[in-house]
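Structure below; questions to follow.
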Amino acid sequence: MDGPSLPAALGAVIRRDLLLAMRRKSDVLTTLFFFIIVVSLFPLGVGPEMAMLRQIAPGVLWVAALLATMLSLNRLFAADHADGTLEQMALSAVPLGVLVTGKVIAHWLLSGLPLALLAPVLGLQFDLAAGSLAVLVVSLLIGTPVLSLIGAVGAALTLGVRGGGVLVSLLVLPLYVPVLIFGAGAVEADLTGLGATAHLSLLAAFLALAAFFGPWATTVALRIALE
Amino acid sequence: MNNRIINWFKFASPQTFYPLAGKMIPWFWALTALFGIAGLYIGFFVAPTDAQQGEGYRIIFIHVPASWMSMFIYLVMAFWAALGLGFNTRLSGMMASALAPTGALMAFLSLWTGALWGKPMWGTWWVWDARLTSELILFFLYIGFIALQSAIDDPRRADKAGAVLALVGVVNIPIIYFSVKWWNTLHQGASVSLTRSPSMAQTMLWGMLLMALAFWMYSIAVSLARVRAIILERERHAGWVADLEEVRS
Amino acid sequence: MLEASNLECVRGEKSLFRDLSFRLEAGACLMVQGANGSGKTSLLRMLCGLAQPAQGEIRWGGEPIRKLAEDYRGELLYCGHAGAVKDDLTALENAQISATLAGAPVDEASARQALRQLGLKGREDLPARVLSAGQRRRVALSRLLLEKRRLWVLDEPLTALDKAAVTTLCGVIDAHLATGGMAVLTSHQDLPLAADRIAHLRLD
């Protein structure tokens, strides 16, 4: 028997999740506005001195991105779990790992990518220079996929579990530490004139590692959750 | 070959392991006391007062072994987790969940004693030292593991989900440690490190070693006791549990 | 072809059934009956490979289904309690997308044809949100017509269906069995099937 085409299946999952998100835009927008609001609160909390704001900008933007991604993790599998679609995916002739990868890519397109595109506007509030803004965007573009990949494992593990929403943050946030360090570090290194290349390459290395192990661990976790 | 595998799996059955663990526990307690008393004696009475740090440094006899154990226990936990996922043995999952609280306790002890030491040394309870920071994150990982397991009602699913989390964690620990270290050197320059004292006296090393052994024995004894409790809880409807003397009386 | 030997199902601390064995040949149908909580759904999920039996083994063509993995799933169609129908998608999109996710994409014309056959003519482009429970069930069942699978595992397929739909569904199942397909199903109602090779399995 001819096996199903994997790239076609991958594309189909991504298209499906994007289509579903288009029909229900508020989910995506909520995450984005959360990001904007959290970042905008910081100057109100620490005061408007530009020098100070410039210094904390990378950390603030990255921590806010971390939290926003985490908020959106719940919708990654929960709806599909509730209406039985996840069961059908687990029984598909297409390997579950491929479908999961598709869902994670769609999740990134709907959370990480918009965050990265929005970040420079918010960076302006913190008086970041154009060069630093570019580094910020690049670091988010490389780093946020890692957040989606690791987050998917946490979301799969807490699927249908009591207090899953809060629990997922407990599981996932400690694992986000390296991404936070090197993501925010890249922008900081650029601010201090050290150059961000080393940080960005390490982030890319994390991405490669997460892309390799993440879908596999998520698949195992999903099968456990469905049993 | 086949024979040997069967033998191993025999010990992996809760029914055979339960009495075996019961017999081992007193021995490990005895060893804990022995090593602990010897280690504390050396630590408090034999080891010389440190020229720079005074008497306060003696807390490392608790701090360092606790840090070692906290990291080591996570590895052991991940090992059991992998075994449980791979071979579907019930005991492995129980072992992993029995180890987690002890690991968390060790991480907590390490943080607490680190803070206690930091106050006289640096005049502050907390420094963002690379080791302390990684220890803190390790503590979070333990808490996550325990929280996940206690949130899942079905023990089989709890074991498996915990196993996946432990394995993801164990891949991440070196990365986290390395990142925190990099972050630390960038931000603090030459940082003060808890364990890198100029030259450790021979007696201090001995004291530390004995204390580490005591911590080992304690961890084994406590985990075995906990695993026995877990076995009783999960197998409470099995025939062999009802026949146990301590259950009948 | 499908063979189960000495299955045991444990839920919590209770053993729901044990030493359950059966064989299902091409063209045969197995009706699983039993009270609520007797393990019907658990058995069906085991047959799909979603749940693992506490004891025993399930084989497809002589090979354990655990080993076959995707090869087995390519022969299997499972329709569970949850219909996997998305509220925000139209009936047509639901039918096409679920076929694609299953690994057997279909074109729009055959998806429309299948929906029409199940009595959803004129509702193909309505979002599933506005459909009734019975109509949503029909959307879910359209997969029977669209995915060419040899083994059907259907958990309460009649739920929420009206008389006409039950007749249609029985016709579809009969046609499937007549062409050498296999079916395992549970139902609280009587299923007026024309096929003669129907075995019954009672779980108590």
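A, B and C are the chain letters, set down in written order, and residue numbers restart from 1 in every chain.
In this text, contacts are C-beta pairs under 8 Å (C-beta built on N, C-alpha and C of every residue); 3 or more make two chains touch, one makes a residue touch a chain.
The model shown is predicted, which means the values in this text are computed figures rather than measured ones.
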item: Centre-most chain, if every chain is reduced to its averaged C-alpha atoms; value: A
item: Remotest chain, subunit B as reference, centres from CA atoms; value: C
item: Whole-Å separation of chain centres (CA-atom averages), subunit A against subunit C; value: 36
item: Distance between the centres, which are taken as Cα means, of subunit B and subunit A, whole angstrom; value: 32
item: Separation of subunit B from subunit C, taking each centre as the mean of its C-alpha atoms, in whole Å; value: 48
item: Touching two or more other chains - residues of subunit C; value: none
item: Residue numbers of subunit B (touch at least two other chains); value: none
item: Where subunit A touches two or more other chains, by residue; value: 227
item: Residues of subunit B touching subunit A in the complex; value: 85, 137, 140-141, 143-144, 147-148, 151-153, 157, 160-161, 164-165, 167-169, 171-172, 175-176, 178-180, 182-183, 186
item: Complex contact set, residues of subunit A against subunit C; value: 1, 3-4, 8-9, 12-13, 16, 19-20, 23-24, 82-85, 87-95, 99, 226-227
item: Subunit B partner contacts - residues on subunit A that touch it in the complex; value: 150, 153, 157-158, 161-164, 167, 170-171, 173-175, 177-178, 181-182, 185, 189, 206, 209, 213, 217, 220-221, 224-225, 227
item: Complex contacts: residues of subunit C adjacent to subunit A; value: 48-52, 70-71, 73-74, 76, 78, 80-86, 88-89, 93, 97-98, 100-105
